[in-house]
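After this come two complexes, each holding chain A, first together with chain B and then together with chain C.
Coming up: the complex of A and B.
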């Protein structure tokens, strides 16, 4: 169980691919985030929790869905850390969760036949694991 | 037959744990000419040196190899030791089996093998070493201080007090540096001008000190003990000898739109100006770019009003050439430009200011005569926010990676200024962490919180916007409450990172002094030689070497002065005998060497030489001035014919070393 958590944390860190250990917890990212007032876990905390490996806190957070991917945090971080990348990693993890299939092949007939093929491929890549 | 003695040091456990010293001894014993080899716990100790003395006598050794630490540590020790028993010091070679071997290799077998290789190379070289004798050079008993801030002033005063002549070259029209711009100074809050002005006066009036203001160093040649320096004294357009400093010209000048450098653009000045009221020398200077007389040919008012008739529109820059035994670099600092930090609104609102601008705004001699007002409205602010670490501790490439060191203290100072004079103004400081180590420093910061009720919030400001009411909206985070804040402020002060003064690198190049990646001058040793540059005869004081406050600057300036005095007290210096010389029979006279020599030690001479065929002929060859040459070796590499050779590092010696390795 513990290993599973650790594995997931590692996977998240790999996805985020940003130097979490370089963060000095200055809070500049959160200070400049345009949607910080809506977030339950501020960008600096998102970085901190991932550095600590607090998976539960991260997966519970709704902040990644408030984040508008403006990259203000990344641009202003004095240490070259990207909270935006952690937000994205959290979103990706949520959508990629095993068994959390949103669509399967049986639903294909419900799709608009006019839909470009590319969109269909994208939907399955994102929402079918 | 040569008799070489090899001494292998354990350096306690530093070498002996990774290098099998006994095996090194056994290996070198088999090498021809090695008449003696032994290992010892500390070769540099008295016992180690006695071992060398005894072996030299018992085995009639004539050359010595010590396998030990870096020659930077103990080459001089072992050379002296050899000299005491009658061996020329240049017949000693060091094999560095510590820094280049035991410290960097973990595997014992590998480290031992490398130590044997290094010993073999040193033995191969020492065979070709020749006895060398150092020459002597005289010491010019005059010092140069570059930069007339508190660092330069203090260094110059200390040198002058010791009885030596010293010149200060300051590029601004007056001495004083940044300290002259400050209002009060931490940690005791004494008025900056009150403690600086007397020092400026002392420097200006000292019989041993000569000031070259509005001047810059243009070229440096020579070497420790005898530098030749060209100083450009820019034309002031005012006869400094006759000027009484009355200042009428500066009042009457009709061109008033130039922003004052000293007031950091918060005020304008005339084209003829004295940078600040206590300026020394109190002699105005005409900024020709903004002077109507120089630009349009009309005006000339200053010349008409000057009661001493000292305005001289035809004055020219003057080049002064002077010789110095030692040079102190004290060029200080600038603030980091904020153009890459748009989010703080510095460019958009006049009410967002740097900490240095704040010093002017609270200074009684400043643009507002010390009344703290918002530059946009001229009204007193109700709330002020101070942001620390602006551009400091930044590894993203926008700012500087280092901590600027002085800001935490001046933030507390400035917050207290405000709260003391205007208790109704609310002051908040945003910080990442408060760094106030130093005597009475932490107490100083705590006073701001405990006595003056300054709000310290752990967190940073992310954005500053002008709001509709004419104030500022500040977005910040409060990390301890884990909250995102949106605050109103009338003034925002940015504690901006410091950086070395513009032009420091150009100067370092002239001085052949080294710098770090941030353009701070580097010291010869960060712990043991903190006020010396690695270049002999160049000393460092103040902010040009790294961020520091006034107490530290003054201490360093005093230390640099002692080093200078120690050097000037000598009449002669021993010169390094490892200098270049030209084998004239091979030299083709192409003078490629002359072009690369950084010390100007090589000249062309036409003389009679015996060429390779054994025939006498008249031709041009390169000749090395043995006192100017510093033994850098650039010429030996540039010479296409390999005619240039360096004593102590001859081609033959180096190749023997290489052959022993491969």
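Coming up: the complex of A and C.
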């Protein structure tokens, strides 16, 4: 069981592909995040939890679904860490499971016809597999 | 030099004004855009995971095709610009991604990130030059107070995109100045409009757009310009009625200043002040 958890943590770290151990928990990422006020786990905490291997905390967080991938956190990190990449790793870990799509395509029947295509492509890339 | 052009999905449909004005202006300014044949959608968002190879192929095909046609690829949409530059950086720096992409696409001459990806605005700044552009303006936008909205995808991450200073960009302000307008600098110009969250979380989108527009109006911007179809959509469609300002593509104002007529009329044109 422990090995299984460790395996999943390692898989997440490979997906995130960012130097978690370099994080100094300064919080600059969270301070500049435009959607931090919506997050249950702030960007600097997401990095910390993955560095610590706290799988359960990470998998139940809703923060990855609030993240807008604006890369303000990554750009401002003084240590070259990308919380945005950890958020992506968490999203992918969820949606790569069968039947775990986050966005119900049926809702698109009601979308605004003026909505640019890029928004729809982006939603299906970020929320579904 | 051949300026291969990657329009992307949205410029071929919902954002025709951005595309058509750009083609007309580029021809007038001496760098005619030649659309890349058989381009595919870039995927709209950059695939962050290193194992996401399939998601990089659309961009990779365009980059390889441009390499074989002189090595320059110009794009206009902020999202395409973002994805193309970052995938190109992966192919230049990440051996595993490079090998997998080349193997999958069966590229005769392996691609290693040789193509130079340029945003249209970078061509204006670095190859035409804003001083020269100012001389070519026949219908200056004198007296118009216009704010530039950069958003995210043009600027960040700045190490890879190398477009402008991510915290205090100047490119669009210098562009506006060259057109004779008065650029308005406001705090939220490089903050996110929430992008595709317009679909999944419209409430959040309206809130962020509200903050951006309040910031722009506080500095007395009468209109905004952007390079991104999704930013423009959000700033228009998700604005509160009392906050609405005209939002143009930067190429629409460029066409106006150069005295060019384009097919697609700008939405909400002439509603400033």
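Going forward, the second predicted complex is superposed on the first by the 97 of 129 C-alpha atoms of A that agree within 3 Å, B and C clash if a C-alpha of one lies under 4 Å from a C-alpha of the other, contacts with A are read in each partner's own complex, and residues count from 1 in each chain.
One rule holds for everything that comes next: a residue touches a chain if its C-beta (ideal position, glycine included) is under 8 Å from a C-beta of that chain, and two chains touch if they have at least 3 such contacts.
What you see is a predicted model, and the numbers here were worked out from it, not measured in a lab.
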item	value
Partner chain in contact with A:68 - chain B first, chain C second, else both or neither	second
More chain A residues in contact [chain B versus chain C]	C
Which of chain B and chain C A:44 touches, first, second, both or neither	first
First (chain B), second (chain C), both or neither touched by A:84	second
Touched partner set for A:14, first chain B, second chain C, both or neither	second
First, second, both or neither for A:36, with chain B first and chain C second	first
Which superposed partner A:119 touches (first chain B, second chain C, both, neither)	second
Which of chain B and chain C A:103 touches, first, second, both or neither	second
Chain B versus chain C as contact partner of A:26, first or second or both or neither	first
Doubly contacted chain A residues - partners chain C and chain B	72
Residues of chain C touching chain A in the complex	8-10, 13-15, 41, 43-45, 47-52, 55, 77, 79, 152, 155-158, 166, 191-192, 194-201, 204, 208, 229-230, 233, 237
Contacting residues of chain B [partner chain A, same complex]	343, 389, 393-399, 432, 458-463, 475-479, 482, 484-486
For the chain A and chain C complex, residues of the former touching the latter	14-15, 17, 34-35, 38, 65-66, 68-72, 74-75, 82, 84-85, 88-89, 92, 102-103, 111-112, 114-123, 125-127
Chain B contact footprint on chain A (complex, rising order)	22, 24-33, 36-37, 39, 42, 44-45, 72, 76-80
